[in-house]
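Take a look at the structures listed below.
Look at the two complexes coming up: chain A is in both, with chain B in one and chain C in the other.
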Partner chain A sequence: MSSLKQLQQKSARRKQVYRPILDNPYTDEAHSWPRVQDPAVVAELTRTHVTEVLRHAPDALEAHCGFNAVVAYLQRAAAPPAGAPVFLFVCNRDPVPGVVLAQIPVLARVARCEVVLVPLPRGFIAHLDGCGGGRGAGGHQGLLLVVQNGGFDPHFAEQLRQRVGHATRSPWLEFVAARVGVVPSEVGVGRKASS
Partner chain B sequence: MSLNRQQRERFTATHIAYKYNLLHYLPGIEQSQLSGLYLKSFYNGTKRNRLHLPEHLTNGTKFCEKCGVVHIAGLNLNMAIVDVMASDDESVHNQVLEYKCLLCGKVKQFDIGNSKRIESQQGPREGFVAKWPSGQKTSHDAAEVNGSQVKKLASGKERAKKRKMNTLANMLSRKKDEEANKKSASLNLEDFLLKR
Partner chain C sequence: MAKLNKKDKSQGKGPNVNEHGVILVPPPKSVPNKEHMQRLNYLFQLSTFHTMANDQDQNRSLSRMYIRNLDLIQKKTKSALTPSFKRQICKSCHRVLIPTKTMTQQIINESKQKTARNDVLVLSCECGVRKRFPVGLNPGYQPHVERVGPIYMSK
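After this line comes the complex of A and B, so read on.
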């Protein structure tokens, strides 16, 4: 016979999610988003240098807003000599569905161009509303990608790079380094028997 | 060999982490055809140790539900947000996130909760959407429906707020405010004119 308290304890134990799996150093999912020093300063800089600029002059910067546009850009981005570095601003603390942002850090690491992930503080998503090129509020899913080309202020880029920690390297996403020698055998099975 | 609790937990952690890491190792060595086997083994391990995994590991976000490969966007996964017509109402478009595994071709849709109406529709639809918190209907609800104006029921918080506003002290203060307003209104030009 079990008391009510025991039953409650049992159910609480059953509901407990196993978190250590996310902290293991190989995959390191707990630190997939980089750390930001002075989030308020970064948000203010982003607001004045990116979102306000885009709102008043949409053609001033090469920007891609919204999930589909960002994903498409990152997937076809070229390697460094041709592809300029990009800044990817993500409102990951706002109520954006988790499944939408789940692959973004992975994509940023896999992309061939240099991607600086900039997580923005809570409540910033409202500033992105006017930047989507005529799309309504919420059409951007909290994602804005800006290419660092001629129109982009280099001073601002330097400031951002200083404050946003580099995304931690994930060994499982570095394909060339992680590859072990799995090569098909050149010696046929039948040849040995014939010789 | 019997382990004490701490040893058992450590063993579980290393055991599960090993299986989990193996799964992530496979795309790097281009042996993704094994991932279904490894994923099954990982799930079996968590089941044996009675662990509850975070939701994104089990709902098809992280691993493909058919072939078990770790999703890596751009490498073995295509993803896009698409509009899908709701089955019951064709004027409502639901936004869903579509994952397509490039290895096995499995398409998985996640509802991301954004629904939008087509703009061309004339005026707001006077439809009745059943959103009862519980199954029972009260006569109060029925009366509201009959009035052809479906009002959203005030939530408990709002009702509590209303109740709080109706206390005696609040009513007195409101009356005081009104009187004060009247006094200040006497500075109006009209009031001066009326007096003279």
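After this line comes the complex of A and C, so read on.
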């Protein structure tokens, strides 16, 4: 005679196990991506002042679209007197591979020019399709860099700066406590082992 | 009547089993050997600091030594690191991979058709070793840790 509980335990193949794991201290949301006030307003301003402008007049703004172009610009950018400040729009909420965007906040910090990182809300990636980047839709990897020079609206730049809170400027100068977490065992592994 | 209610409760209390036949248990309240994790975290931050602050040493010997220690301790204590953590370390020379400082990154496409499916992200370390991530193959790919989302332990 066995109870229902015992039967269930017999039929259950494996007990869930939690594995401790150490996370990268610099991938914390608070340390890497800046917080945006009024994301809907920022998205609307970006759409009207940047993406729509670039779609109708590609030469109106000095813009670099796509991962390679953005990374190349930031790596060779000059220091402030010569290099103009730039706005880097990133669709980090959209389905862009995480490994592509992982180093972008660090790159924005170590670049010699002033970079204002602007994370955009989910669904904005469709607006970047007509802004260049080559290979049509999706060729931009959700990245658009605009240089603040003569063609860029200073009022819009001020609005963006007010709404985008800067993340920790140099996180490696501050000690960050260990981010230790636990993850449950993968179900597939359990099934594989038992079968 | 009260007794009956109690019985009902005890009968419905069976183990929580998911559709794959795995017994689900609540997460633990603490992590064993947390000190090892804290030590690894400290070594990583120390190495990052030296990479960022010390530009005079071209070989980044001190920074690499800390990561070498981290690697040895992690293997000795069998501690797990997240994929994002491991992606920031060169397995060959033990440098911390920081853009413009110790590595360059680029998306390349070696196919004739240049389709997005063949995009490969290449992280090239100063030492010449390259990490390749076929990002075009499955853009929605997430490792198990990111899919499940770790439950962070409080101090």
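Going forward, the second predicted complex is superposed on the first by the 138 of 195 C-alpha atoms of A that agree within 3 Å, B and C clash if a C-alpha of one lies under 4 Å from a C-alpha of the other, contacts with A are read in each partner's own complex, and residues count from 1 in each chain.
By definition in this document, a contact is a pair of C-beta atoms (placed from the backbone, for glycine too) under 8 Å apart; a residue touches a chain by one contact, two chains touch by 3 or more.
Owing to the predicted nature of the structure, the values given are computational and were not obtained by experimental measurement.
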Partner touching more residues of chain A, whether chain B or chain C: C
Touched partner set for A:162, first chain B, second chain C, both or neither: neither
Contacts of A:141 with chain B and chain C, given as first, second, both or neither: both
Partner chain in contact with A:5 - chain B first, chain C second, else both or neither: second
Overlap of the chain B and chain C footprints on chain A, listed as residue numbers: 14-16, 18-22, 24, 26-27, 67-68, 71, 74-75, 97-100, 102-103, 106-107, 110-111, 138, 141, 172-173, 175, 178-180, 182
Partner chain A, residues of chain C touching it in the complex: 11, 14-15, 17-18, 20-25, 27-28, 31-34, 37-38, 40-42, 44-45, 48-49, 52-53, 79-82, 84-85, 87-88, 97-101, 104-107, 114, 116, 121, 123, 133, 135, 139-142, 144-146, 148, 150-153, 155
Contact set on chain B toward chain A in their complex: 13, 16-17, 20-21, 24-25, 27-31, 46, 50-57, 61-62, 71-75, 77, 79-81, 97, 110, 112-114
Of all residues in chain A, those that touch chain C in their complex: 4-5, 8-9, 11-16, 18-27, 67-68, 71, 74-75, 95-100, 102-103, 106-107, 110-111, 135, 138-139, 141, 170, 172-173, 175-187, 190-191, 194
Residues of chain A that touch chain B when the two form their complex: 14-22, 24, 26-27, 66-68, 71, 74-75, 97-100, 102-104, 106-107, 110-111, 138, 141, 172-175, 178-180, 182
